[in-house]
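I have a structure here, written as structure tokens, and I will follow up with some questions on it.
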Amino acid sequence: MDLSNYIYLSVILFTIGAIGVVVRRNAIVVFMCIELMLNAANLAFVTFARINGNLDGQVASFFTMVVAACEVVVGLAIIVTIYRSRRSASVDDASLLKR
Amino acid sequence: MFSAPVLNYSLLAPILIVLGGALLGVLVEAFLGKAIRATAQLAISLGSLVLAFAQIIRIHSERSLTAAVNSVAIDGASIFFQGTVLVLAFIGILFIADQDNFAAQASAIPGSEEERSAIETGKQQTEIFPLTLFAVSGMMLFPMATDLITLFVALEVLSLPLYLMAGLSRRRRLLSQEAALKYFLLGAFSSAFFLFGSAFLYGYSGSLSLSGIANAITAGNGNDIFLLIGIAFLSVGLLFKVGAVPFHSWTPDVYQGAPTPITGFMAACTKVAAFGATLRIFYVGLSAAQWEWKPIITTISILTMAVGAIAAIAQRDVKRALAFSSIAHAGFLLTGVIALNKAGLQASLFYVVAYGFTTLGAFGIVTLVRDSAGEVTDLNRWVGLGKKSPLIAGTFVLFLISFAGIPLTSGFIGKFSLFNAAYESGNILVVVVGVLSSAVAAFFYLRIVVMLFFTEPANDSVTVVIPSVMTRIAITVCALATIILGVYPSLLLNTAQTFANFLA
Amino acid sequence: MTTSSHLVYLIALPLISAALLLLLGRKTDKWGHILATLVSASAFGIGVSEFFAMQGRTGDARAATQKIFSWISVGTFKVDASLLLDQLSICFVLLITGVGTLIHIYSIAYMSHDHDRRRFFAYLNLFIAAMLLLVLGDSYLNLYVGWEGVGLASYLLIGFWNQKPAYATAAKKAFVANRVGDVGLSLAIMIAFAQFGTVTFAGVKAGAPHASTAALTAIGAMLLLAAAGKSAQFPLQSWLGDAMAGPTPVSALIHAATMVTAGVYLITRSNFIFDGSSTARLMVVIVGGITLIFGALIGTAKDDIKKALAASTMSQIGYMILASGLGPVGYAIAIMHLLTHGFFKAGMFLGAGSVMHGMDDEVNMRRYGGIGKLMPITFATFGLGYLAIIGVPPFAGFYSKDKIIELAFNAGGTKGIILGGATLLGAAITAFYMTRLIVMTFTGAKRWDEKAHPHESPILMWLPMAVLAVGSVATGFLFNSGNSLVNWLAPVLNSRNEVGGEELMKPIVVSALALLAVIIGVGIAVGMYRKEVPVVAPEKVSVFTRIVRKDLMQDAFNEAVLMRPGQKLTEGLVKTDYFAIDGLVRLVAGIFASTSTALRKIQNGYVRSYALIMVGGALALIATIWVVTL
Amino acid sequence: MSIVTTLELLPLLGAVLLAVIPKSNAELAKRVALATSLVTLAVAGVMAYKFQIHDSAMQFVQSNKWIASFGINYAVGIDGIALVLILMAVVLVPVVILAGWHESENGKWSAKVFYILILVLETMMVGVFAATDVFLFYVIFEAMLIPVYFLIGGYGRGERAAAAMKFLLYSLFGGLLMLAAIIGIYVIAGNQIGHTFDLAQLSTLTIDSSTQNFLFLGFFIAFAIKAPLWPLHTWLPTAAKSATPGTSILLLGVLDKVGTYGMIRFCIALFPEAAKTFTPLIIVLALISILYGAFLAIGQKEINGLIAFTSISHFGFITLGIFAMTSQGLSGATLYMVNHGFSTGALFLAAGWMVSRRKSSNIEDFGGLQRVTPVLAWTFFLAGMSALALPGLSSFVSEFLVLVGTFTRYPIAAIFGTTGIVLAALYVLIVIQKSLHGPTTPGNEDLKDLNLREKISVAPVIALLVIFGFFPKPLLDAINPASQTVMTHAGVTDPAPKAGK
């Protein structure tokens, strides 16, 4: 079947992720949406690897996963601390810094 | 069919040393007693930076693309940027060394018994040092990376530690943690864009390396939509890091929330690294597609200069104000990207150094202005500081004047060379907007001068703490650099000229 | 041309003494007035010796020049500080230094009670120096320096008692009116330079024949404006009356004998300009004619003895200006009247001063009366001056004024009739108001209150008066006998011997008419004022009288047309500056400030809105690139 | 090393010396400052003596590499125009120091800071007129703002902070426009003759007219702000009202001349064509300034504001003379710069003394001073006479030269300009009457007259006003060759007399 559909899919996933980041309040969910965007990128990489007929894209996707994992570690650490200190994971509550 | 990758360790030595230092720092943090921990950490960090710099000097004339299987370039620009990052990081660490700024135990809940005891018993955790070193290594890698993967990895390596460091303030921890959260979420968000952009560039060119992309663009037989999306999203990632409008929103909040020494470190070193990468990407990878991206980068640079300058006027918090001024400066630096000529590169090299010193110094001064509850960043309470401690206030004014780009300071030479490069490349509009917005910015800087010197002090308990030796050294160095680079810029300009080249 | 080496002393001496008296200040109070008088006298001495030296020389050699130093030299604009003493300027030198010295002497006594006498004499010397420079300068620019110099001296002397606000205002008024005239002089010089590439009299004279009539007319008009300012001619006449605020010797020297006649000097000196433009001459004549009637009318209603004399001065100078507008010989006649007038008017002013001296500074003639008996010498000298001015033969005024009337009639056609009529009318009115003055002051019953003790002035005061009186008797005959003065001046003014123009009527007839006019004027005056004079000016008088008392509305006019609009304009501009120009700047600043606040509001602290902004930005990026690449 | 450089270094040396002496010893600081400025004056005298009067080329030239990679040199050299302006500056500085002996005392900082700022400023004043490298000129042009900013803000009166801010922002705005223009011409040079900022070389460029117009405006606006030309003038009165007399003298007397000097040295020299294009507009602006400034001076209730507006009127005359582009106009304008420096200096000194004695700067509060403080009154009177360009005082020569020079090319403009002399008489005489004449207003009875120090400080200025009034030759001889060079470069000649013989 036509490979370009995978591209469309990745674009759709990325868009969903982006929308999620903008509309969802819970920090965890926001973070998930970002992960979704990363994976959309992965999908694009793999597909393009297939289209271009070289492996670079797939290699890239592995790197991405690793980096994403690190990001999870750091991200959760931050979110947890926030949650512990203010008993809420809502990103809207964290809005003391303004103006 | 796979051949084991060959690494040229001697050329990679600087960055490896820093990484090594970072790992060592982790071990120290784990095993050394609290008595000597801090000292050891400081020694290790500074030591590794010095060593790394020595290596830089050793390899300063080396040129190679194959140091790490074609994914990093050892060329003039990368060496210069690495050197700059190291020097600025060194000064940054001198500020960081003042442990009083950082949470004794990041994991402890703010105001909890646990935290209090940690402070009393001096169980000060010092993970800040290895984190800094990790960030530095990322910052060194970012400007030298020549393929999208390495760029992405470097980007994350420099960002992740910063996210954490932003949350480590001892006082106002809620704000600090909030800053960390915002920085992290938005940072990750932007790197997603970066990654997605890289994917599409790869899709367009079938190659991950900048040179490959460049060739593909010149060849011109790819799907332009991919190229377009690629450029756009990649730019989003980069512009976020340099803090350009409209991807700047995080800057004021994070700058305000993060511990001031970290803010200074971020403001200076991140800009260097980010612009290093940006310049390389646009000069090496995308120069052939300049007709696509020049207009938008021009628009963005204009927007950034204007918004940065104008928004600063109404700020009441010194750190936010400096954040906006750093945004404005990002705008000026972008003119160097648009110039897309050697002059532009040289100017940018000079500018990042000049700006780095000045901005570090400025934030360094902010750390000194305190009351019983720690730093005072409310500008209205800085009123009359010139009477209480003329020297500190005077130095701060010096930095402001340099920001404003008044002659005989490094800021002026930087602006001049950037605008000159932009004008040469025919972007006269940018130059005009540039000069006008610096006029606007000047108004804001002068307002601070008036507060410091010409307004009667409101007698509340704002004091200036006697700076620790290291802070004093750091500030002095920054001030001297600001003046010397303004009065006799040839020292650096010539160096910049020799190093202003990319290997493709 | 003879080159002389000591002309400069004429100016240097009084200038130095003025500087000394001003710089050394009170230290010189004791001998300051002596020094000043001696200096003035020695200047007169030099003048006389120069005069006789001149007599000794013939033809072109009579004129003497001295280059002192090169003053300004830029491109082709070269002006030397150099002096020219010719037949014309020597007349003035003698008048200025001669009358000047007499008045110095007079002032020693007159000002003896003023503890600033030294400053007064310094100013007088300053004036002498400036006035000499005015008449000795060999170029229009040098003349300009003297021109403004006398203006300054006049300003300082009118305002000598400037602690009285009215006096200070009078001084300012005089200066400003003169400045208006100076605009004319400056422009005349500029046009001259643009036309001839030089501003020396010789240069301009040489160039004049080659210049277009339009240019000459322009220069002439501008010179006339200058003359009007300095000589209180219509329409710049209004300052002279107020200038009487100055001490009386000043009025005598500056505002009667010398400075105010500088305008006449300027025009006669520029004869080569006016010869080239009949239009310019016509303007001169008109201005002169108007002023001589104007001044005479004002004179009829003045109760202040000095202001009455001032009005008469204005009118007499009108005669001179008129004459100088009537062709070659006119210049000479004008100068003749100028000289005679210098004597009798100065004399009468000193007389007035002497009266005031005796009446402790009372100036209102309605409070005089019958003083003649108490001040016989003053009365006598004044009387001689009086006979001279109204033109009774053989007194000085008769010769000069008669010539002018004759000239006026011979101007030809209706012009001649009008001008002649005007001069005749002027003569009649002059006779009227002068008689009125004499009658009210010296004759009739005494109207002063008991405090005043009129007494004859000391010798230092009456001696100068006497000398001047002699002058006002003899000079006319002297100048006229064998046309001596006209011939003397001929080389400079190329004035021919006989009175030009076609004779309308025989000279003897003109003289008869003039005499008739005088008799009528005197008769009316005697008729009106021989009987009791009310001590306060009667209120119920004709509109005409009221207008005349208000100096024919000259001040009202200036206020309504110049002052008030000027003040309005100033206030308007001050507001404009604040609200419009500076306001615009403030507006811009305000815009920036508000934009900044708006931007601050966008920074609302919500991560999600930041993310939204980023997404928007990203989309904008794509959109723009799209547009660009299309 | 060129004597010009020595002249620049001397005050700087003094400043360094001041920096090390104790803050407490104000008297010593004053003495050191005065001594330095006097030595500088002496050296300047030597320079003037060595100056070859008939040589129209730049003299005492010196050029060292500064920023090699941009072809920027420390290049100085002076011609007649620069010479007379430098002399004016170095004469005024000691006068200012001596006259304002106590000026530094009620400031925000110690006296020594005040004098350090003054001396640094003197260095820059010499440098800005001597610079023959456009970049060097710009650097000094901008850097000069800083000491003045602190002099106004730190030692001024009233709304000093706001005034200092307004001053600096206006100047900075203009300066930045000029920076853009400088970069522009630098780039053009790079394309034509290689990267340089050397004035002489830059003036040989061939620039197409539209670019030339833009670059010209970049320079001109900056200069029109400095030497305030209507409508860019509003900062000046504010500054003059707040600054100390000394600062005002240096600001209006010297710094603002950088504007008019720049018009000659840069606007006309670098962009002759554009200069011709804009001449009509500029002449109109100049005339507006002349009359507008005069009217507002008449309308002022505050004495320093009045002086400021008279200066705006005078700057109008100077600009008029410059752009008349005749030898009389140019030389006259240059001479005018010098004379205005002295006469405004004298005015500010006298006004300053009046204000400091009366503790008020409202004209209404003075009155009858001639009876109370005769010497002070005479000083003010003479300064005023020179402000209205009374013949016999130096300002007359320059004003008349400007007008006659203008008339030969633009008669109408000259006529309008000439009407300004009536207004001048008004604004001077009105303030003189209000402050010196009339009965002594209550509160002024026991004002002190000038003391010896004050007399000594103002005497030379008055003397110069009189001497140059009768003997301007030395100055003109120095200026003429330079202005000739400007004209020949701009390719204009004086109009010939109309009535040829």
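Order of writing sets the labels: A, B, C and D. Residues in every chain begin at 1.
Keep in mind that, in the parts below, a residue touches a chain if its C-beta (ideal position, glycine included) is under 8 Å from a C-beta of that chain, and two chains touch if they have at least 3 such contacts.
Note that this is a predicted model, so its numbers are computed, not measured.
Across C-D and A-C, the chain pair carrying more C-beta contacts is C-D.
Taking each chain's centre as the mean of its C-alpha atoms, chain C lies 37 Å from chain D.
Per-chain Cα centroids separate chain A from chain D by 65 Å. If you average the Cα atoms of chain A and of chain C, the two centres end up 97 Å apart. Averaging C-alpha coordinates per chain places the centre of chain B 79 Å away from that of chain C. For chain C, residues that reach two or more other chains under the stated contact definition are 600, 603, 605, 607, 611. Within chain B, contacts with two or more other chains are made by residues 181-182, 185, 189, 193, 252-253, 443. Along chain A, residues 18, 21, 30, 91, 94-99 each make contact with two or more other chains.
Here, these are the chain pairs in contact: A-B, A-C, B-C, B-D, C-D. Within the complex formed with chain C, the chain A residues making contact are 18, 21-25, 30, 91-92, 94-99.
Against chain D, in their complex, chain B makes its touches with residues 346, 387, 390, 401, 404, 406-408, 412-413, 416-417, 419-420, 423-424, 428, 431-432, 435-436, 438-439, 442-443, 446-447, 450, 453-455, 488-490, 493-494, 497.
Listed in rising order, the residues of chain D touching chain C in the complex are 231, 233-234, 292, 295-296, 298-300, 326-328, 331-332, 368, 370-371, 374, 378, 385, 390-392, 396-397, 400-401, 403-405, 407-408, 411, 414-415, 418-419, 421-422, 425-426, 429-430, 433, 436-440, 470-473, 476, 480, 494-501. Remark: chain D residues 65-70, 108-109, 138-140, 142-143, 145-146, 150, 153-154, 160-161, 164-165, 168-169, 172-173, 176-177, 179-180, 183-184, 186-187, 190 touch chain B in the complex. Across the interface of their complex, chain B is touched by residues 589, 592-593, 595-597, 599-600, 602-603, 605, 607, 609-611, 613-614, 616-618, 620-622, 624-626, 628-629 of chain C.
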